[in-house]
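Given below, in the form of structure tokens, are the structures.
Next come two complexes, and both contain chain A; in the first it sits with chain B, in the second with chain C.
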Partner chain A sequence: MAVIDTPPETVHAASESATVIPRAQPTGLAGVLGSGDHKVLGRLFIITSLLFGLAVVALGQGFAVEGLAPKTLDVFSADTVFQFFTFFRVATVFLLALPLVIGVAFVVVPLQVGAPALAFPRAAAASFWGWLLGSGLLIASYAMNGGPGGGSTKGVNLWIAALALVVGAIVLAAVSLATTVFALRTPGLTLDRAPLFAWSVLVASIMWLVTLPVLFGLLVLMYVDHRHGGTSFGANAGLYSRLLWVFRNPQIYTVAIPVLGFAADVLATTARTRIAPRFAAQGAIGAFGIVGFGSFFVAATPDSGAYDAAIVMVIGLAAVLPVLAIGGLAGDLFRRGSFRLTAGALYAVSSVLILLLGVAAGALGSLPRLDTAGTVFDLGVTNGVVLASIIASLGAVHWWATKIGRQPANESIGRLAPLVLLLGSAAVVIPDLISGLAGDGAETRLDWTGGIQGLNVIVVVGAALVGLGLLAAMVSLLPILKAGTDVEADPWEGQTLEWLAPSPPPLANFVAPLPVVMSAEPLLDLREEK
Partner chain B sequence: MLKTGSKFLFALAGFGFFAAVVYAAGTSHHTLGMDAIVGPLTFGYKGYVGEHSGYTILMSLSAAALFLGIFLSALRDADPEAEAQVLGLETVPDAVVPNSVNYWPVVAGFSVASIVVGLAIGSTMFVIGLVGLTVTTVEWAVRAWSDRATGDVEVNRAIRNRLMYPVEIPGLAILGVGGFVLAISRILLALPKLGSYLVFGLVPVAIMAVGALIVLKPKLSQSVIAGLLLAGGLAILAGGIVAATAGEQKPKEEHKTESGSQGDSGLRPLGAPSAAVVEVGHR
Partner chain C sequence: MAETAIALPAAPAPARPRVLLVGTALSATAAFMAIVGLVGIYLSARADVVSTGAAWLPEGSNIPLTPANMAIATMLLSAVSMWWAVDAVSRNDRQMAYLALALTMFFGIAVINATSFLYTQMDLAVKTTPGVLIYTITGAHLAMIVVGLVYAAVMTFRTLGGEYQGRDHEGLTAAALFWYVTIAAQAVIWLAIYVTK
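And then the complex of A and B:
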């Protein structure tokens, strides 16, 4: 008997003497706090990140408005504007985009690979609670006058430690996701047959696993340094420039890897045909992940010259190709298949277009001759990539609404939302790119707004449209919260295993054992056989 | 044969190596020649390596991805058939569905958050967090073991309770009473005089009220208990942050009167012992 086995006498004694009363599955707050069900955890990630998202978008609108007339419109006071600016950039990635993607992946990935649960479900639960509490402490640190540029030593210390907690929680979630795709696939579902969204989540998780620990290590060093006088990383304001690599290309691309998987899965399903060649789609997603490795900039500051290295240019230019490849494969689907106009397809197309804008701008910005470092050009690239990720995640919630929630989302409002988000995102990103090329930069202005004032009017309109689009998307998702009757398991004629699960899926996801999978599109095979 | 997952990792390893060489050569600020190429290839043993941190990270990426790629290649991408073969079974066992409530992930989250607050603010919160994390580790390990003890969830729970109740109940009592007394003492220190009178009066009333509630309704719903624990956890974190912001109430210095004989309290300070002190014990 192994040391971890229970001695038979213990089992016997416990069975005999203890009054064993079966307990009902707890509901309400107890069911939420104590749950290890991947669907509950995914929903928690989605709802809380969207709530943070509303605050982040409102903050972005504040910066856009101040950019109209920085000298007269004093939305943020001179003392606090830098802290609000850094909060905006940190929260956009770590409180909105990444957790939103993780939330969707938590729900969808186990269903797609035919698993009854996430790998390490309790660790996944700990990752959510750690992230939520870390995010709360991050906000509290700013309230204490902390964060980069803050005046309170304790507040700055709390900011560093809280950000480390957030990063650690995301790494834990990535471990759970990557292990699920690797180790919990149903028999026959080899990795080359795995749905493209699950594959993209695997690639993204691996990239988070190999890059975010570098950020974690950097934060540990910063904390130790700051506790002992803060000589190595500059004063409080200097902390931000050491973290810039996380929010710049290529590292920011890791946030948007699942965009490509989502688009490929949704467009193939709406076109009622198979994506071909499949290895090209998988290769493109993998390549986009690989070029997203940017943590080697850990020691680089904007003026260090590291950003002028040849490898930056190569990566910047190479990142466009995978997005173009997925765009090409999508075009081929439209040509071969019988396309349906669904909200999911509109979300997918919008997110790929904005991502293409972001990576194309990133490629342009990597040319040293254009000298865009320190200008709002970087902000434009980051905003483009992050907005693409947010649009795709909202689209994913809409597409998999019956698996994530209880009912389908509102399709007509759902079709409007991605179009508004597409217009808004373009209006936010393009003026910043133009202003950046003209040499105008957030870092060069005292109010941290940046941008040519005339063009900033378009940014204000864009920011308002993004806010409206986000609200429209959230309104379209409201029906999924209500209980429904006889909800269709497969409303879209899906191709992959998640559509075999009832809607909403029960605790173990599938009511019957799954048959051995023989292709990448098992449900399409079944329909074709009929 | 190389499969999809290992191919990705080998590609990542190749990228890391190639990028490390180019990056190290490109940032070395020396004329591009053999030394700039040989340096990165020999890990700086010969020639030049430019920016060291980035080079090290890229080379580490290459090594880690190569190791994982080889590992995954040996396990054939962890395909279920390969896993079953490794385990010596016909099919892999199903993943365990977490079908019971487990609050330890939440407690772990609060404990780490408490450590974070402690790291920034003070040692008390750090110690609370560390204790919480230690308890969580033990409880989590026991829970993980007991969940797999038998196939019956209720029997597993009984096994776990039989093992842990003799430790948990006295431990909780000590922690509860000790923590409560400590917390109240901290609150009394932080409050002004009137506030401390109020707290001193209200706390026994609150204890009485909670006792009465337990007597009247001995079985609370799990959600109420979970809510109370959640509120408690949040109160600890919020209390830590507020205490750090507001700081501890410092006792006011006594104003000396002109005669120097009386303080604010109206008590006469003890004078130095006079020569007429009667000594006892020495004969």
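And then the complex of A and C:
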């Protein structure tokens, strides 16, 4: 059976008549390993990426501590520090931020567009297992002294192949997500009426589809070169510098596109009003996606001067506008609506604020006169954008807890987590930005010094707060693992279709055929009619 | 006056979501971007070398244009045969569909043959920068051709096996779309590598 086929357990779910009762679902391990159900796959992505996330945060804390006194403190030995650093950068994006977003999107997007299943469920399953295998091999490659700067040729080859597998799996997931939004929307739900989170996932998926294959091609090229003993695309340590474009702006912005959709959806629901004008929100999210197109840097090296081009400055400055637009629309919601203090809203506000910090710093860094290229300034920008994405994803798991899990998350701990993450993120990002502006702290040298030594203390505190925030978020999510009784379908007075589905949703998501959708907020219409 | 029933025409069936076609379009875009990205790296690396006044290809290496011209011409012909296959399936013309598909596969294999012949004529080591680029780009495209051929064959057999009807041949249309993108990628490679060298 090909990956484009519908797996047996979701064959009814994917067919046009969603009311057909599916045959018995496999349970236990078989239900997990062989599942094509988007909710199971989404949960798998979320849980595994959060587990990787704990390791990534611990590693980040290690670098922060090393930066306190690089000459005397030796958290990482001089031989391995560069490998740990590259692992930290790669894992932050490809083992934590992207799969976490994809996991949430896998569960929520089909529900939001009224679809009984993801498009190509078997391909979606292949994307998870491919990603997991690739992630495992990536870690194994470092364990065998591979990765950029590694001493084992085989280990370096394995690192390139493993990263290519991870990237390929993410591209496959993007195909599944984008096709779901394009082709599986319920009748009446035109694209302009699509919920803003689903819209943002569509924009992000398209951007991943047009940029990550370029990275995939580059990795294939590197593999062929390295496998045949060449050094045309970097010897061991040089490999990483060819991949830097993926981890810096504008490309890194593609990781955070769903932040805007999440914030717009959650804040509108929390304020009990419609986001207006809606086309402005959709336009802002689309524009943020477009400015994130960074794969034209694929041939650039840090010394090529490509990042000093005028287009980079234009993109850097333009990226601030969509985030400000969503911030403005959110402010308007607070003004017009009756706002409730929910954990989801706090996560949304925190993630937008950190994203704004990241893109504003990116705009500043794009000014060639400041000469921040190659310093920890770039690391600060990337950390800001990636942390915004992680905060939004954690918020999304909390907000859609009854759809992702079995019952609501703990609201009081959930309100604390985004505040701790907000403070921690700011403390991690801002010192690196200041150090970079002062021209201190090289980003890719074969040892780690961090930024200005005095400011590195703040980074240590920030990294600890981020770790605490992540732990608090995970603790607040523990209740969703337990089975609940009489869990509300719509605990937040939601506006979009996912709140029509029972909590937790059954295999085909909706128990009755959905009515034709007549507006972007069908559930709000229903409440207003009563 | 006898009561006559007013028979309204039946409502059109709801549009079937064209999931496979959309998914294929997105996948083909991704594959095309991978090739275009590689070609971009090729042109950039070549420009860097040429700007120093040095020759791009190592001494003794050569890229003959004739097999490359034959390959692009054959790919263009296969666009016609693929269109013919889609048309035949839409008319439920089993014989013509098989003939058109066989021709498309023949053309695809001919392109693989032409490219591998080109490899023997180039005398270019993989270890060199032009070598690694050219072999990776053309190799990636050959993989795309193989995927396109397998996809077209599977979809044709499924359509003729009854999975799709004459009016509903989305599967083969999707495979044809992927094939056309493969041809576009070949055109990019032909211009950027074989003609420009």
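Odds and ends about this structure:
Heads up, the rule we're going with is that the second predicted complex is superposed on the first by the 500 of 530 C-alpha atoms of A that agree within 3 Å, B and C clash if a C-alpha of one lies under 4 Å from a C-alpha of the other, contacts with A are read in each partner's own complex, and residues count from 1 in each chain.
Assume contacts are C-beta pairs under 8 Å (C-beta built on N, C-alpha and C of every residue); 3 or more make two chains touch, one makes a residue touch a chain.
This is a predicted model, so every value here is computed, not measured.
By the touch criterion stated above, A:230 is placed in contact with chain C alone, chain B being left untouched. Between chain B and chain C, B contacts the larger number of chain A residues.
When the two complexes are overlaid on their common chain A, residue A:210 makes contact with chain B and with chain C alike. In the overlay built on the shared chain, the residue A:220 is in contact with chain C alone; chain B does not reach it. Look at A:117: by the touch rule set out above, it reaches chain B but stays clear of chain C. When both complexes are overlaid on chain A, the residue A:28 reaches chain B alone and has no touch with chain C.
When the two complexes are overlaid on their common chain A, residue A:296 makes contact with chain B and with chain C alike. Of the two partner chains placed around the shared chain by superposition, chain C is the only one that A:178 touches, whereas chain B remains out of contact.
Judged by the document's definition of touching, chain A residues 4, 119, 123, 182-184, 187, 206, 210, 214, 295-296, 298-299 lie at the interface with chain B and also at the interface with chain C.
In the complex of the two chains, the chain C residues touching chain A come out as 14, 16-20, 22-23, 26-27, 29-31, 33-38, 40-41, 43-45, 126-129, 132-133, 135-136, 139-140, 154.
Contacts from chain A toward chain B in the complex involve residues 4, 6, 10-11, 13-15, 18, 20-23, 25-31, 33-37, 115-117, 119, 121-123, 125-126, 128-130, 132-134, 136-137, 140-141, 144, 154-155, 157-158, 160-162, 164-165, 168, 182-192, 202-203, 206, 210, 214, 223, 282, 286-287, 289-291, 293, 295-300, 304-306, 309-311, 314-315, 507-508. Residues 3-5, 7-9, 11-12, 15-16, 19-20, 22-23, 26-27, 51-55, 57-58, 61, 64-65, 72, 77-81, 83, 91-92, 94-106, 108-110, 112-113, 116-117, 119-121, 140, 144-146, 149-150, 152-155, 157-159, 161-162, 221-223, 225-227, 229-230, 237, 241, 244-245 of chain B are the ones touching chain A in the complex. Residue ranges of chain A in contact with chain C, taken from their complex: 2, 4, 16, 119-120, 123, 171, 174-176, 178-179, 182-184, 187, 206, 209-218, 220-221, 224-225, 228-230, 232-233, 295-296, 298-299.
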